[in-house]
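See structure below.
A, B and C label the chains in the order they appear, each numbered from 1.
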């Protein structure tokens, strides 16, 4: 199943943001939920193995856009030999983009590819958070491969591929986390910092913070510490 | 003789332009020797004695990064930016002889930081009698042993004792206490060193290391004369 | 050309590799590496992430070095790609230190104009790619050497730090040979312009970018220690 979402954010009168393009086809719907916020809404179970979703975001100079989802995405394998499901987010940003989807839960036997490719103008701002849990409660972990590429003014700022789950070549006990969360920020610099199973690395006018562990809630708590935010209470 | 076609535009592959340049840079003096023989104390003494007249800096190859560097800061009145510590990957020997990259990086860093540098002391990590510096790293080397190691040390030889440009036998004040015969050490060293100098000193009695400093000055003068 | 490849991958090539543990010193301190099996796991982690990334960059740099124009711009672009794939300051420094060390020996052992087109402190895989080209080797060889070197330094460091049986450590390395070959070959294909698995766009931007956040964390914690034997 092929899904395409397109959103364009443009600077409007009085410093507000207008969204001249908000459209979706396939398994995602898109709703404007605030002055500069859209929510993606899944219209079917999944994604399923073999599904392909592309989210194209354009944030023009002076505009702001926040992209959220309404619920966790539960990735399920297709029947038989399941091919990976793929989600690509391609963003062209001259203004400010804030991307934070609800967690991706990859169930047993499923393999999800997530790609974020952000092309930033020199003074654009980006904050993008990824939250992953391998397997539902009591379930064997699925597999997740995430690639993040951020370019500013044509120069690569960050390009990483992280593979998690059984079969990922570097997902090896004793460090084989089932939960993973990462935020990349381009805009303001933060120095490097280390934590328990968490690390923040500086980028030119930005940073990338990553945390991992067995469960997502405490992992997000450790990530929040490195994002400079108040720690999140651990959900039991 | 290589075949003619190889001689046409023959460039000597062993002629290193960077090394040619380095001969005009600071004199690099290696300080090697077994653990506890007084390398760091000698380095500190040389810094105190020569620091007023020479633009100098030190590279340390300590087991851990900071121990010797801290000692030098305290005892040699050397500012931080004139001390570079090198990590040797558990192999102090390798870092001064077989793969000198990290030490070259440190020397070049000091040279770039202090363009008028005249002397760089490269102190090895404490090693054994077989350790010696590559001449790709240093111009001359001093090997430091001590009386407490026994008066048989010069007789045992090893590249440090036999081939160093200067052999320093330190802690002569301890000779009566450990039953070492300084004359035996002087004679044995002379026998294996083919005329190269040996100095018997006590840094406790002469904290300025006067004789060793004099030898270093002489090296600087003779190199200046060579390149005049 | 086999002898040139062996020279390039020889741990005795005086390029400064022996002072870098590739994270194994901190992995030992953290209790992650303690015996041959845990060392093998660690080496596999390194090989398939940092090793694969280095192999892709080395192959691409070898290609770039083999062309006359626009060599300088291509190498500068690859250096930026290496930076983007190495956000850890400690790992960046380790890579650039080793790059400088390899340039020092490489430019005398294999003189060629391409050395002058490298940035002053190039990332190690770039220096490796240029060295391979200068020695008459191809991109596949450069990738192979990078993949191999991504584990041998760590293996030797573990041997020294844990006083392991050197024969056991040699066995660990030997058993990984097929995976080293696979990583090198895969990276070489990517550098040749094969499509990226999730993207479909060819080109150097989509060279392998395998990352292990654990290695980043270990490198940063290690850099803060003042009681370490290894530079990284």
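Quick notes on this structure:
Rule of thumb we're sticking to: a contact is a pair of C-beta atoms (placed from the backbone, for glycine too) under 8 Å apart; a residue touches a chain by one contact, two chains touch by 3 or more.
Model, not experiment: these values are computed from the prediction.
Chain contact topology: the protein chains form an open path, each linked only to its neighbours in the line.
Centroid distances from chain A, each centroid being the mean of CA atoms, peak for B.
Of all chains displayed, C has the C-alpha centre closest to the centre of the whole protein C-alpha set. Separating the CA-averaged centres of chain A and chain C is a span of 29 Å.
Mean C-alpha position of chain B lies 33 Å from that of chain C. Centres computed as Cα averages put chain A at a distance of 56 Å from chain B. Every residue of chain C that touches chain B in the complex is listed here, in rising order: 12, 14-21, 97, 100-101, 104-105, 108, 111, 157, 160-161, 226-231. Interface of chain B with chain C (complex): residues 11, 13, 16, 18, 63-66, 86-91, 94-95, 98-102, 104-105. By the touch criterion given at the top, residues 32, 38, 41, 44-45, 48-49, 80-81, 83-85, 87-89, 197-199, 205, 208-214, 216-217, 220-221, 224 of chain C touch chain A in their complex. Taken in their complex, chain A has these residues touching chain C: 86, 88, 113, 115, 117, 145, 147, 149-150, 155-163, 169-170, 172-175, 182, 192, 194, 197-199, 201-203, 208, 210, 212.
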